[in-house]
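This is the structure I want to talk about, given as structure tokens.
Chain nomenclature is as follows: A, B, C and D, assigned in order of appearance, with residue numbering initiated at 1 for each chain independently.
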């Protein structure tokens, strides 16, 4: 029994059974009716609403912000985030979320809009410069149950 | 402390915290973008998908059917149903579902489409005459955490 | 469909399915091995540990205390409490807890020790006079999913 | 972010928050009152009760048995098991259970009695030769969230 088997089990069971088939059905209907770019924008706006419903107190450092974000996520079993600063901006690694289990692996390219919306709204509420944009990176098939995003200056 | 206080507590907490704010945000976005009749049809189709994902074995009586339906609902904490036959068709009373808590009380007029879709697909799969239609009744504000639907002949 | 049917459904499903059969088995084994009075004391001490793990900030009024208690209970789906002061002390009404579902209705006379332990430790931590004792009242079969306790001066 | 971080997160959150602090308190009280060997026997008997409450249909092969065991475990979020036969008996690897999170890592030497009781009762109900005994192996600190047991002939 390998490490991969543990992660596969945990990830497959990460979405509350109350909403699993509902969410799967919703994903299929939304996919049938709207192009991926529209779905990504819908999920972005849902993410913004989510962020407004679960606000953070003002934070002075990136470490504090990470702690507050994780308090929000942890209380509702949505995994955890690791923030790290570099020359270009802030790398956001969000692990162990139920989103792939909930909507199905084929939806990752638009369901990720939810996290873009949440983190954008949470960073905006901390009074970041308005030109900073949160954007998901291309999914990395080897990354395990992890979504990578970046906060950086939007291209003009 | 009155009976109503117990029910209010239970109903308010009936939606998994993992999906409460997500669902609330989704309901707000969907409401902002589509008229109620379209939302009801979307939820109807989501209900059909849900029903296909959680099928019932063939049943010979209404009692058996009720038992099977409740095995599906109970496994995922979606309340329970009581079926009763009368001259006009079958009355379906679905109690204690998380749907009002999940999407908000203002959405009842379209979120009920989900139950119409589920029961329609489940009855269809039992080879009911094709002209039978499941339709939600007007919500009864005094009914408590209960949704009433009817299976009956569609008007021509 | 009557109000009682809603409450019965909700109460029967109030214990997490992960621990339902484990807890039922534990209750049977404990009952087979120890007299009720010892079990009540065991549950009292478990309640004290629980209270220490989930402490409240200092509160100035009974209303604040009720709010803090409910923040603790609500976060883990253990129902809610209503505190009210009268000539003899404080009446504590705890509703909608999963304890009867978890351990079985026959255990109420000793499982209630858990709540005595929790509330005793929580009131002690608020620097109440040391002679005040929390004690469960005789269960009232008509009370619904509710346990009544009192904080009052212990008999000398 | 390493694979280990995913597993650590998942394992830490594997016990329902409703019972986490209750179980932790119970483990502390039981440890304070009884020696490990008695606790292991108590948990063995709780496991037997659990197995009787969640019985399996008769199975003809080890693969069928594994499938049935996993249907029981999966329905209540207790992880999964892999059974494999060898010259000496049957190796049972149970992964991703909430038991270490629930009772604390220090309790593994006696809480494992629960799994001994469950598997013993489940194998007995399949009419195995009476001299076969389920016994946990020494915990392997490198094994991750996994408990290893063996079904083999008891020493005379």
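FYI, a residue touches a chain if its C-beta (ideal position, glycine included) is under 8 Å from a C-beta of that chain, and two chains touch if they have at least 3 such contacts.
Note that the structure is predicted; figures quoted are calculated from it, not measured.
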Count the smallest number of chain-to-chain hops linking chain B with chain D, moving only between touching chains. 2
Suppose each chain is reduced to the average of its Cα coordinates; what separation in Å results between chain A and chain D? 34
Report, in whole Å, the distance between the mean C-alpha point of chain A and the mean C-alpha point of chain C. 38
Note: chain D sits from chain C at a C-alpha centroid distance in Å of 30
List, in ascending order, every residue of chain D touching at least 2 other chains. 75, 77
Touching pairs of chains, all of them, please. A-B, A-D, B-C, C-D
Residue positions on chain A within touch of chain D in the complex are 1, 3, 5-7, 9-10, 13-14, 74, 77, 79-80, 82, 93, 95-96, 144-146
Quick one: which bits of chain B touch chain A in the complex? Just the residue numbers, please. 15-26, 28-29, 33, 42, 45-50, 53-54, 75-78, 98, 114
